[in-house]
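First, the structure itself, so that you have it in front of you.
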């Protein structure tokens, strides 16, 4: 556990006491109520929480949900969060600040509890949706200025949710963008789904020189899974290759092998298993192994994609650490090689891609 | 072996003596003659039959096909079927009666030999194809009446074979249905492939309040695999969510991860690995594990999808039992947790979804 | 190691001394320079080279790249190649002669160094691109004559790279072909990408009665991955089934399960994991196992897809041998069964498909 990880994609956690059903709702990507007779605890992610978290709060592994939540309340949310976050062993966190809600800790508070440094990842769609007083013909310029004005270490896009990843490669023309912006603003703005404007955002973000994270693969019910296959991004990835700016394909599952191949094929493409390694719980070694079939070890980045629960930071960290060692054992690797590869994926690749200093 | 399973999707078995080539033909999804020099026994399903079935007939595991078939004939089909079915440990079977043929046992006889209760699953396409004396404008009404008149515990659709799963979500309008029915009936009826009529059948089935099973993934050469990806059903699944009626995605392979995600995302969606866990033989632990990466344990249902051979009931049952225990071992689960999850998937989820009483 | 393999799909190796960066460039499918701070050695294929090759050159397994390359130079390329090729244990190699370049060994020299027999596999696109003095109306006839005049034991197509695999099934009409040939020749010939001409080539190749190998799945950055899914070939495979000529789906990853199902469904379809089993290194047992979930054991063929480096012959051979034994162990197979299945996949299926005599 001496390896301190760089978590290059994560979110805020809730700082207060949580009702049981709210806690459980963060154990699934579904935003619906669970089907009658079922519980989000009964899942691979639920098992991972029960394996890794109770010992950090002073219980035996596999404590049941009731016992665990009772102990969490006994300690108080602040103490529990602090124990869990510190046990995750994080050197630095890159926090996507695009998910907001009451009770969530500010990134600086999260980082302080984790004993880690922090940077901001900014969602391009959120920046565009907050633009005030722009016009169709100035939308492109104003969005570029707003992105430039952020303190983002990297940008992130949820194009997969908004219009799917089967985007044409070419940069849209100024006239196309102005027309699309006219339609968007004319309809009152709000949630941005216009594929032309999304493409414009992606190009603008990359032209800033800052790495771009792209959601791919599974997520909440709003995503249409096959339209989030990262292979659909190929024309776009080819078109932006000359910019030489890193594009990081997040999550990927069940298309993580596709993301891994893209990371081998294109120098500017990187892959991540953030949301994936947490959710798949005991299957983390296999899924990591599937990504490492083709992904160069210098092109895969650790993250937790944790959101809401400090438990998800610990689960992401422990699943990754256990998975990389189990993978290395199955590959008959010498321990020094296993540790070297764990360092690449766990922190060194992220430092190089985002220009962080240890 | 004390866990008695509910097999929520299976078919009739042949009650008589079988020529060698007919037996072998039930070990593959292909309806073609095997390529020269090859045998369906040389497959993962063939290995599973050779692992699990010979001991039940008094032979050593891994007996060769000739020795096995000779012993089967020595015992007689009725005695062999009875031993195999009882060894499967089934509490209840939900039999899809849409596959017919000479020599197949009636569901009641199958259930009696297995020592299990039984219910009927009715194929919606078969009901529509058997309709007599209907007209274009009355087709929708008559199909609804015919479905309502069945004793089905659940309905099943093979839309994947007929028109693929990339269906629009919306219920077709009465005029669209009447037009399509006019085309279908005008061409003499028969095999139903019209996407509008298939959609109408799916909506009508769900509006009856009975669970709907949908074939997804691999099958015989008639299916075009990528058009059977359950992710293609997403618009339909979103559209029928307000009905609150269970939709069970059968088989899934090689898109079982996609089905698992749909089962997590949508409360009314369930997943199954019936045909899959039999066919993949020694790979059953991995494939079950892949489904359990995202599928909540309350949303996956055991079945055998057995057809023709009593052996396929035993193989499905043994593969499932072995797979769930191996999966749990790999996850370092306490035995009581492993057994609890086996019970959920093996019988309790099906009882809840289909309203069965133990 | 007594099993002598038939490598039914492979390429030339370089006969001379290699600069470090050229050696490394053959460890990835990417034709780009590696991203700053990364090395192609840091990959599953790199690990496989370090596991299997150093002992053949007199070093310990897991020797680092520098030590390995130094020892290789000390021995000289000819001696190193000879040691590596002979250690691969090959009875026969079917060499795709469509990849050319300075310094590559002729197939006869490669085979002599390996102590193996050899045959030629001819790329249909290369034959068509070399045609001289043809016309639009004679293109079909001249291509057929040129293919017939080759000494090919089998043909190969890279349609996946040229136009993707979502091809209509039907044979194009003579008028369509003449029109397309007119467009192609009118534009000066060169790289052939016209889908009508590609289809014509595939049909012509199969009508010669010789097996046809088709690239599917991953490859260099020129391929668009989801358009190389072998499932897209289904209409074409159905259309050519009456010809009864073998079609071998190469590589497949990450769609190797789709290829496996096609090999079960259609008697004339075979699957291969050539490029795949080399690249995935320590994951070879899992990936082989995934293919064997549905592929009949009489329908999967070993190959290395080695190109450039003799190391890739050894890696492909060792990965396959280790994978099949590990797969069999996981399946609890008796050793005699494991060895029998290894022989089928390793040499006997290829002998039957290509009409080779041992």
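Miscellaneous remarks
All chains are identified by letter, namely A, B and C, in their written order; residue positions are counted from 1 within each chain.
We adopt the following convention: contacts are C-beta pairs under 8 Å (C-beta built on N, C-alpha and C of every residue); 3 or more make two chains touch, one makes a residue touch a chain.
Heads up on the chains, UniProt names are A, B, C = Amidohydrolase family protein.
Remember, it's a predicted structure, so these values are computed and weren't measured experimentally.
Homomeric contact chain B/chain C: same residue numbering on both sides for under half of the interface positions.
Its C-alpha atoms superposed on chain C, chain A is turned by 120 degrees; the angle is given in steps of 5. Averaged C-alpha coordinates put the centre of chain B at 36 Å from the centre of chain C.
Within chain B, residues 286 each touch two or more of the remaining chains.
The part of chain A that touches chain C in the complex is made up of residues 229, 231-232, 234-235, 238, 257-258, 261-262, 264-268, 286, 289-290, 292-299, 327, 330-334, 337, 341, 344, 352. Within the complex, the chain B residues that touch chain C are 28-30, 32-40, 42-44, 47, 51, 62, 218, 220-221, 224-226, 253-254, 279-283, 286-287.
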